[in-house]
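Structures incoming, each one as structure tokens.
The following pair of complexes shares a single chain, chain A, combined with chain B in the former and chain C in the latter.
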Partner chain A sequence: MTTVADGRHAGRLARLRIAVPRGILLAALPVLLFCLLAVIGPLVVSYDHVHTELLERLKPPGTQLAGRIAVFGTDQVGRDVFLQVLYGARVSLLVGFVTVLIAGVAGSTLGILAGVAGGRTDTVIMRAADIQLALPAFLLAILAASVIGPSVTNVIITLAVTRWVIFARVGRGAALAVRDREFVDSARILGGSPLRVTLVHIVPSCLAPLLVVATSSFGLVILAEASLSFLGLGAPATVPSWGQTIANGRDLLGTAWWISTLPGFVLAVVTVSFGIFGDSLRDVLDPRALAR
Partner chain B sequence: MRAAHTYRAKLATSGAVAVALLAVTTGGAFAARSPVTQAAHEEAQQAAPQVLTVAGPTSLVDLDPQGPNSAEDPTTLVASHIFDTAVTHVGDTYEPALATAWSSPDDTTWQFTIRDDVKFSNGQPLTSADVKASIDRIIRLDGPLAPLWSAVASVEAPDATTLVLKTTTPFGGMLTNMSLLYVVPADLADTDGFFQKPIGSGPFTVESFDPGERLVLAGNPDYWGSAPALSQLIITEIPDVSGRVTALSTGEIDFTWGLPADQLPTIEADAALNLVTAPTYAFYYQWFNSSKKPFDDVRVRQALWHALDLQTIIDALFPGVGTPSLSSIQPGVFGFLAQQPNAYDPELAKQLLTEAGYPDGFSTSIQFASTCCPGIRELVQAMISQWAEIGVTVEPLEKEQAKWVEDLLALNWDMNAAYNVTTTGDANFTVGRLYTCAANRTGYCAEDLDAAISAAQQSLDDTERATHWGEAQKIIWDQAVGVSIMGVNGNYAMRSSVQGFEPPASGIPNFTSVSIGE
Partner chain C sequence: MSRFLLRRLLHALFVVWGAVTVIFVIVRLVPGDPAAVMLGPSASPQQLATLRERLGIDQPLVTQYVTYLLDALRLDFGDSLRLGIPAGEAVLRKMPPTVALGVTALVVSLLVSVPLGVRATQSPGGIVDRAIRLLSLVGQMVPTFWVGIVLLLVFSRGLRLLPSTGASSPAHFILPVITLTLPLIGTLVRLVRAGLLEVLDEPYVQAARAKGVRERTVLYRHAVPNMLIPVVTVIGLMLGDLIAGLVLVEIVFAWPGMGRLLVDSISDRDYPVVQASVAVIALSYVVINMFVDVLYGVLDPRVRLGESR
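Moving on to the complex of A and B:
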């Protein structure tokens, strides 16, 4: 029975009464918390990353400072580590969101185009993707960062350039799967132009897997941005970022362990949560799962 | 079904065995750092040749003692092991080294008698021609040490054991210069790739060199002076401070120095390690590029100095390691004269900025090398924070060592923060070399400063020289050519088996007298 719900008819989900896996709620919580804090946190609490408070340096978590408690302690020039994590979350969210948007839109478009058009277009696009994959992504990022210099824009561009391939591959796969379906054929026979057929009939069916990829990529992009910042090639030193905070505590792991460990833990939780969320999303949106 | 069950069981068993093996071997690897293996390691060291492995705070990129890196600590450290100098500076006097005797027949002539029994490690005899070539090379390559030799008009080697130097004006700093002149073979020094495996006459010879990774030196048993007890000296690269401290604790290296103040308690608490601290001629400093706006205005430079609360910075970031600087050189250096400390006064700073035409402050940058010296990043961050309070936004530019040196010498910077040593213990090395118009190292050029420096360099009377050096220091201080931040108490951390180490005033360790005991 072809009660397959394609993306267009997502509203039917509730009526199908699919048991939403508990994992998705568990993973959604840190994800939502992260997004919420990243957006609202900096608006509520003020923090100046340039300002050093030398008398408050290397204080352990929970120390009472002038007027507030250092929840995650302070670093070696007296800056509050929790506030660095909060403000760094904003950078991570921005980089993650914009990168996934750019890579996602560009990659998906190319992928769906390749899948629908087939032939030479498909070959060219997929070979370009293969070439991109052959280049070690991280080295490319390091090269770009050291040539152009550290800035948030450069990080976004570099990461987007290395990330579009997976969207293209998934988009192409989804487009290929849907291209020869009956309803697409019907639309074509009824006289729809290739563009209309693609946009109205094929693309919606590809959205579900692409959304899953986007969500999983989000976590990996955040991790990549932190890695670049750790190496000093990400956001500039005047902008707080998770990688930079972790790098600052590197020499003090034995004594002031909180500088590297706590932001690192937060980073790990966020990355894993995005991954699980993406996985659970796939379980929910996969048409074959729905048919069961 | 049974076959599947058995297969699955076998898979599970082999998986479990593999995991167990992995756990045992990794556990074993961790156990390798246990006391039992440590004792075996030390026993092997006693029975085996004397090998000392060291790692320093700064990256070693170049072995050329006359080239662009000739003023960098690691290059000087290696040079003092593989080459010889004409004289050595011991305390307040100069002792013969390659030169057995010297005299100054008249005001503008110096004559040195060079030993005839010294050979380079390739068997070639060392003559005055090699000393002449080394001096010519320093002047010709125009590196950071070249300004020290600006008074030299000619160098002649009339015979194999005589060296005659003529100067344009009387020059009192000749012996100091000769104590820092490393003699390289005349015919080989300019060949391509010579400094990849240089040949010298010193107590150690170069076995292999991987720039930025590792240098292996072998003890020279045929050394004309007192041969070293070590058979091998390995200088390895561990730029990460925590990595270095860990390597020292586990015995991977035997000696390190220049640790940040935060690491010293860890070293002191470890019974297997010794910590030696001693005052040095080293200091942390900051320069303004006086050839670039807005630092061409003395009021702006003074404003930025008054905005800094150096005492708090030193107390917080460098406890036990730093003492506030009172001049552009450290106490103990010949010619040192204490200056009036500049008060921490942000209000005065803002006033000076307004007078200079920057009531709302301005934006600029500060460069520093990532492997410069312990705590440089925190120091720069603290200074940037304090400058932000008077409205001056400073962007930190952290650069890799070689790039930093390149930009520094090309004056491609607005402000520069670094570490320096008055290696010879004489004011000429710092004041005379870096602050003349001809040297053009800071963009600051003033006739009165040049006059004071020349007078000091040309004077042959110690008291007179000291007076002139004092004058030069006062000008440098009052004109705020840079901010003199703090003097450094050197720290040297070593395993307790390392014996015979004497902390040098220059802060640059020497291992010629070191041996490995029990």
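Moving on to the complex of A and C:
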């Protein structure tokens, strides 16, 4: 009788783990599309951000231009808004990817180190994280960008500096949670060196929560980059970026609504999709959250 | 209690020192000559030397740091290059509109989030719950400045219902406040929902139900106040997002506050004002977080008792 009940229980658990919420597929689609377009788009269509076409200025979406249709219309100097979005996606993807990579690797390493080592190492690392939080992240990014000047590299550096703390905290928490579990103790007793125990037994258990943080960070970093570029403190004026295109159309809302709103809509879809994707990922990777 | 207060105060002082030092490090240690950046490429060597002397950047770094700390204590960051008045004063003058906008947004988002969060817990996992969860996620991730632009376009340009920019009447608050509250509500609803689900299992809630208290009273008199205690701490942390939102919203709606002053000063290379605004905002951030911590200790004795041990 018990075996039957146990078997049924195990079956239910197994199904719970495999059951992928539909949300994750729906959210993964725009995320994938965005990455694909950002990588392939600029290879297929050419666009010169400095080139202006004054005869084609402020054309509404759908206007037939020489050889193509301006799906999102054109801006006040005749540049195709859709192509700006396509090329701007490259900046967003680059900044998002590199920032999350730097902040993620540095933050996770420091966090797991703090959790595993404990003691003074833990105190020093977490105190540094506290000081980092003394200034609101966005304020720090504005200040740094205003001093160093707008450039894609600077945006990546400032955003990575403001972002590592969350990875460190989550990594530390995850490491603390498994540090004293039986399988880790067994590995230690069997003679595993501290480095081996950490890399082989502790780190894999920390990956799931860190992956969730990485996904939602990706969306937040893209949002932060667009916000900085919107204020003129992100990508330089010579590089097309979403925030800059949106800022560009702000004074023309009455005559050309499309310049700000359409690229903004694309940005919103991408950031929200990353958010939903990260959220569903948490549900899949942490089955306990589903049961709640 | 006094030990708890003292600890909090010391911690806040430490954090303020950290924040002010970070500003110094960023502004002074970044390669490049601040005088050259402020005056632009057309400045003569004479002008550069004068400004360097005025800013004190011809002094050794340690001397600069000490002078800077002493000046920062009095919020003295030099005169604004553009406005001709002390930078600290210029910033404080622009503070009331920003505070008014921020406080209104915070209050409105609490008033909306609590009932929404309560509603979400009534059928956990149900359609309403999932819709609220999805919408809160959308609110958190949607770009603030784009929402502001769309609202402007629809309600001000299109329907001509509301004023577009400025801050001269209560109607001017409506669009900026809606824009600001969306991400705040997104975060708060999830907190309220999670906090309430935890509290609803507590024995005192069961006891209240067993006594035959109406469900509404159980929720709003017993469960919500206890759930709000952890929410209070998170409000302190949410302040960082609120500040970012305020800067963007002030730009979109031409709101005459500190955020717009900060961004304008950056493009005008008015560095004393940039430093003063960042310092004032960071200081308010730390002070409010300290108050929140103390409030947390007052509301929940376990916090301050747990710490003094």
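Things to note:
By our rule, the second predicted complex is superposed on the first by the 269 of 292 C-alpha atoms of A that agree within 3 Å, B and C clash if a C-alpha of one lies under 4 Å from a C-alpha of the other, contacts with A are read in each partner's own complex, and residues count from 1 in each chain.
One rule holds in what follows: contacts are C-beta pairs under 8 Å (C-beta built on N, C-alpha and C of every residue); 3 or more make two chains touch, one makes a residue touch a chain.
Remember, it's a predicted structure, so these values are computed and weren't measured experimentally.
Of the two partner chains, chain C is the only one that A:L233 touches; chain B does not reach it. In the superposed model, A:R57 makes contact with chain B only, not with chain C. For chain A, the partner that touches more of its residues is C, with chain B and chain C as the two candidates.
Looking at the shared chain after the overlay, A:G119 reaches neither chain B nor chain C.
By the touch criterion stated above, A:T255 is placed in contact with chain B alone, chain C being left untouched.
In the superposed model, A:G191 lies in contact with neither chain B nor chain C. When the shared chain is aligned, chain C comes close enough to touch A:L140, but chain B does not. In the superposed model, A:V77 makes contact with chain B only, not with chain C. Once chain A of one complex is fitted onto chain A of the other, the partner contacts of A:L267 are limited to chain C, with no touch recorded for chain B. Of the two partner chains placed by superposition, only chain C is touched by A:D279; chain B is not.
Once both structures are placed on chain A, chain A residues 232, 250, 253-254 are touched by chain B and, in the other complex, by chain C.
Those residues of chain A that touch chain C in the shared complex are 23, 130-131, 134-140, 142-144, 146-148, 219-220, 223, 226-227, 230-233, 246, 250, 253-254, 257, 260-261, 264-265, 267-268, 271-272, 274-276, 279, 292.
Of all the residues in chain A, the ones that touch chain B in their complex are 50-52, 54-55, 57-58, 76-77, 232, 236-238, 250-255. Those residues of chain C that touch chain A in the complex are listed here as 15-16, 18-19, 22-23, 26-27, 30, 37, 124, 134, 137-138, 140-146, 149-150, 152-153, 157, 197, 239-241, 243-244, 247-248, 251-252, 262-263, 266-267, 274, 278, 281-282, 285-286.
Chain B makes touch with chain A in their complex at residues 240-242, 260, 262-263, 266, 312-313, 316-317, 370, 378, 381-382, 384-386, 388, 395-396, 398.
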